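Common to both upcoming complexes is chain A, partnered first by chain B, then by chain C.
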Partner chain A sequence: MFDPDVTSPLDDGSPAITPVGPVSRAIIRCRASDIDLVSNRIDIALPRAACRSVQDSGLSALWLGPDEWLILNATPADSWVSELSARLDGALCSLVDVSHRQVALSVHGPRAEDILATGCALDHSIAAFPVGMCTRTMFAKAEIVLWRTGAANFHLEVWRSFARYVEALLREAESER
Partner chain B sequence: MSGRRLDAGGRIDRGNRIAFTWGGRTLHGHPGDTLASALMANGISIIGRSFKYHRPRGLIAAGLEEPNGIVQLETGATTVPNVKATQIELYEGLIANSVNVKPGVDFDLMAVNSLFKRFIPAAFYYKTFMWPNWHAFEPSIRKAAGLGKAPGAADPDTYEHRFAHTDVLVVGSGAAGLAAAAAASEAGETVLLVESDSELGGGLLAETAAIDGTEPLAWRDAVLFALRKRSNVTVMNRTMAFGFYDHGLVGLCERLTDHLPPGKRRGPRQRLWKVRAKRVILATGAFERPISFAGNDLPGIMLASAALTYALRFGVAPGRRVLVATNNDSAYHATCALHDAGVEIAAIVDSRSEGSGAAAEATARGIPMIIGGAPIKAKGRRRVKGVTIGHAASGRTLRTMDCDTILMSSGWNPVVHLHSQSGGSLAFDEALGAFLPSKSAQAAVNIGAAAGIFDLDTAIVSGWAAGRGEDVAAPCPIPVGPTRHFANGDTRAAKAWVDYQNDVTAGDVQLAARENFRSVEHLKRYTTLGMASDQGKTSNVTGIHILANLIGARPQAVGTTKFRPPFDPVTIGGFAGRAVGDNLMPLATTAAHASAVAAGAQMENHGSWLRAAFFPRAGEDEHAAVTREVLAVRSSVGLFDASPLGKIEVKGPDAAEFLQRVYVNGVRNLKVGRCRYGLMLSEHGIVYDDGVFARVADNHFLVGTTSGHAAAITDILQEWLQCEWVDLKVLVENVTTAWAVVNVAGPKAREVLAAVGTDIDLSRESFPHMAYREGQVGGVRCRIQRVSFSGELSYEVAVPWQYGRALWDAFMRAGQPHGITPFGVEALMAMRIEKGFLHVGSDTDGTTMPQDVGFGSSMAKKPDDFIGRRSTMTPEGLRPDRRQLVGLEVLDGGDAIETGAHVLAGDGAGPRATQGWVTSSVLSPTLRRPVAMALIERGEARIGETVKVWDVGKSRLARIVEPRFYDPAGERLDV
Partner chain C sequence: MLIIRCPYCGERPELEFAYGGQAHIARPLQPSDQNDEDWNVYLNLRANPKGWHSERWRHIHGCARFFNAVRDTRTDHFLATYKMGEPAPEVPST
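This part shows the complex of A and B:
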């Protein structure tokens, strides 16, 4: 068996920025009329509210669009998506394994909002971006999914090919006061 | 030598001395000084030479409206050209020099221009375009143009960007701005208060009148103390609001380290803020207007408000004997304050025929007054020595007076730049003689002097009201008296400066009006009035007055030129921010990047990807390496990193129907487990992309795209699904970086893949050419497509990205017995030219349709519509002489023809029409002769014809052939 020796293109952590360990990921798309059926089959209620997330026993479902969700599994397994796929057999939906497409960073601590504000135009204050909010947005020139997991914790998903770029900019922002 | 440090006063630290260097001389100042105030305190009158005529120039203003005092700050890589001395905070060891001088500011060779002034009027260089010959003047004009020198080395400083959001943004920290911030924050709104200056307070820094019985600065400190206690308030000094854009977006430039000695600077030099504000309160103040009169650019002539600031804020007297020329009351207050600070006042010359109410103050101090008079002509060479005073109404000479300083006040221009940038309108106010903000186009309001409210108490009231979101009081302007307008024929206009920075005189405005440049925008371009870094801060309104008078229009009708961001220059590094060096663009590497580098890969940028171009061994050049790589693939086996190729999952019950509408080719009839080469068009019928698509399952396709187009094609597919074909149940997902891909190619590819280990049957019968299989390789799930761009037996093996490097290394080990050779993009391109395979972007351009590249018949066979189909049937698409893709055999041997070489019609040596050009060309490593592909008029019908190709100055003979040079029957693919 091959070793997954390129575990992450990212360096080790710094005080406010830490690579998040391996995560299994899938994109699921279905219409509003099928949300309940699909939710039942995959054991997590897909959120209907825009830019909101749901967490349930190790699974997280992030709303990306009215018919599109990013599902994260904190316990990674190469077979997870094909198992999900089997459970969804017959349901009118589409599921794609994107586990290896992107990587995740945690941006945390009292300066997290300031660090993100160097490259992301959104208002990251807790009032405008509450815990549980998630959105697909831009950090500098790269697309990211930004998800607030705590008052001072953000989970940032970025495509593998853009990861070094985003990480370098975040680290520079972290190093400057 | 006229300026001097006063014995007392000013907000400088007299206990500490700072040494700095000006033009090679060591001088001294104090903490709290600007470079301008320190130079004035040292008796320096001439700061620079003017832009065009190289006349000696001194300071006009004390703030960022200064047009003359432009210097070159520091040296080497950190040098900053064209920065205003009034904006430079003095620090220990500061080095500054004049700009636009040779050899020095005191003796400047180019001052000879001044003698020729009448031959180089406004727009003289435009006229050289017409007569006698621009090219005769161009070198000297180009050499003479510009002020400071750009640094020659890369900028060692860093710059940062920051986004921010606030309920209320207050621009300007004068009395009105402070009151607005206090009122807005009281109700709990988040408030950001920004001030361009190093010190907060705006006009309060040179104010003598008490506020509610409190000293102005004590009042400021009390408000600031209250503001700083509120957690919803942020106060930023050294932060200039330079642009007001749509939807409440305001650009700020924060200077973080410019005020420190270079050795003590840490961190970013500047931070560029992009602030979204729900409300913007503009407390930007007003600039005083100079008076136009002959010789009004002599050093020692400056704005009355500037002299007041130099005296009260910096403890510097602008001269020893000061004459004040005014047409309004504000200069009286300034004069009295200067007098009280110990400056000798020669006289106040007031152009108004009636005495002013403010005159009592001056009379009480024994200051002489000349009522109804105006300055006509200043005397002096390197500094003003005296002035001729005339009757304001008639211009008749009244008397001359000696003085070393003239202060000017022709009224006030509210700083309406940000208001105007935001889309707000302006209205000319007759009493003020200037433009006032009228309607706002965004949630923005003007207060204080920016709104024409010049009374201090009323300005504070306007701030309180704006802060609370209430209506702001009506303007209370400072009325102005007569201003000289320079009617046609008034020859003194030739030396009466309007725009100091661009060396534009009232005579130039006369010239423009005479030549019928009556629009204010034409006036600006023709004369350069209000151009460059100054953007007419002190000159625009004066210019509009003169033009209006000359053409008999009201200033409101003349209007202003467009106020453009930035309000004041922002260093280009600020806009670049972190987007420099490696951070300019995201740069992607493949999973096996480190292994390729270790194998000696020469990397090249392909879009955002770093890809191996070739793998040179010791002593090999590119050609030798590429030749070796090609021959290895043709004779045994090679390995190529194909990870960047685009991969898009298309899933859903309508996936086949969807792709049937997208591709030129048929899709519906493709069997599961098979692949097909497909062509995509733009809606204009132009070849846009190509690639191989595979049918994974009935309702599941994997679409391959070229590496640069994956994201764009995903977006196009999404757009069609979301906007046009909403009834189709299809999911499109770009998975390019989810899968790492290696391409093993060559006659031994099957043996190597088998040696790596897979559960997929690789036999010719069960896994034929153009088939797709899933299974495991090396214990990891994989997708394999048997497709070939090289013309040899070839497998593209995809595994989840994190296994990509292990996969590459496993192939290199397993292929060792066969001498497996890593190959790069260059070898792949050489092989596909040998095969005559199309490369979109090389063999196609923005006019190429599918019928031009051999897809005419497959299009004709397809019954359904697809994107771009109709556009291929326009008259242009049906033209019989379209250029078609063919092969070219070079008949004279030699090297490859240059790509881009033209195929020329007929014989003869002279210029003649092209019939097409070479699109791809290589000296074939396999065939050992030059082969090429070309788009040639009616090419398909001309197979066999010999043509002449113009190849970088040589005519070469070539024959048009089918574009299949190597293995034309494709036998090597079917093994």
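This part shows the complex of A and C:
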């Protein structure tokens, strides 16, 4: 259940790295044949293209795998996932509330790509990692979900227990010139 | 670092992947019908070639899907990666 009072493990923002406020999160898994039905029920079209995201009126659906999506709700609510669950009644899919499993960081500014490159082996250039691309990957030894929300804006989801570790490495990279 | 092509996500660094053993080993439909020798072959005996090897990999820190690959065990060169259920590609003679 969503509890806005849960303490963030993250420190306050630095110029290029800012904790993202409370977000409701859910993982949806379903077969390819059920994507249309599930998309209709939850009011957002689950992207079929690999590593792509869809945003629609406060909701974001991030492709994590061919049968797995991360749904983010920018207006967190205690009842959101149970409402989704009710709407998905009868649809063959899995829905898991992961609101508190992970926290989010925003990495932004002209050095965002360089800061991420210190711990993540992907090519973060705009040609290889365009706006809207999202993927699960590794940052140093921690698994993250990296999502490019703008040319100089990245949204990074990390499991709560790894958050301080990832944050410290990002801040150290930010401090280097 | 090795670059491995995931059939779903494209080319990714090797640290996102986990090895999953030899590929294309079908579990017997009726294990109880197997005699000891056949069961032993299914359970324990694996190829150990010097050269091309069909094997399972998992993009565990990416899309989390299993897929199959043909890799040269001498050089770590990947000939091909392909989705589960697809036939193995032609392998050049080693």
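The criterion applied here is as follows: the second predicted complex is superposed on the first by the 171 of 177 C-alpha atoms of A that agree within 3 Å, B and C clash if a C-alpha of one lies under 4 Å from a C-alpha of the other, contacts with A are read in each partner's own complex, and residues count from 1 in each chain.
In this text, a residue touches a chain if its C-beta (ideal position, glycine included) is under 8 Å from a C-beta of that chain, and two chains touch if they have at least 3 such contacts.
Everything numeric in this text was worked out from a predicted model, so none of it was measured.
Engineer: Once the shared chain is lined up, is A:R48 touching chain B (first), chain C (second), both, or neither of them?
Structural biologist: Touch partners of A:R48: none, neither chain B nor chain C.
Engineer: Residues of chain A touched by chain B versus by chain C: which partner has the larger set?
Structural biologist: B
Engineer: Applying the document's definition of touch, where does A:R136 land relative to chain B and chain C: first, second, both, or neither?
Structural biologist: second
Engineer: So, does A:V96 touch the first partner chain B, the second partner chain C, both, or neither?
Structural biologist: Once the two structures are laid over each other on A, A:V96 reaches chain B alone.
Engineer: For A:L64, using the defined touch cut-off, is the partner it touches chain B, chain C, both, or neither? Pick first, second, both or neither.
Structural biologist: second
Engineer: State whether A:D78 touches chain B only (first), chain C only (second), both chains, or neither.
Structural biologist: First partner only.
Engineer: According to the stated criteria, A:A121 is in contact with first (chain B), second (chain C), both, or neither; which is it?
Structural biologist: both
Engineer: For chain A, which residues lie in the overlap of the chain B contacts and the chain C contacts?
Structural biologist: In chain A, residues 121-122 are touched by chain B and also by chain C.
Engineer: Touching residues of chain A toward chain C in the complex: what are they?
Structural biologist: Interface residues on chain A, with respect to chain C: 50-51, 64-66, 68, 121-122, 135-138, 143.
Engineer: Write out the stretch or stretches of chain B touching chain A in their complex.
Structural biologist: 158, 160-165, 267-268, 274, 276, 578-579, 582-583, 585-589, 591, 608-609, 649, 651-653, 729-731, 733, 735-739, 778-781, 799-807, 810
Engineer: Where on chain A is chain B touching in the complex?
Structural biologist: That would be residues 1-7, 9, 22, 27, 29, 31, 78, 92, 94-102, 114, 117-123, 125, 128, 140-142, 159-162, 164-166, 168-169, 172-173, 176-177 of chain A.
Engineer: Quick one: which bits of chain C touch chain A in the complex? Just the residue numbers, please.
Structural biologist: 1, 8-10, 12-13, 15-16, 61-65
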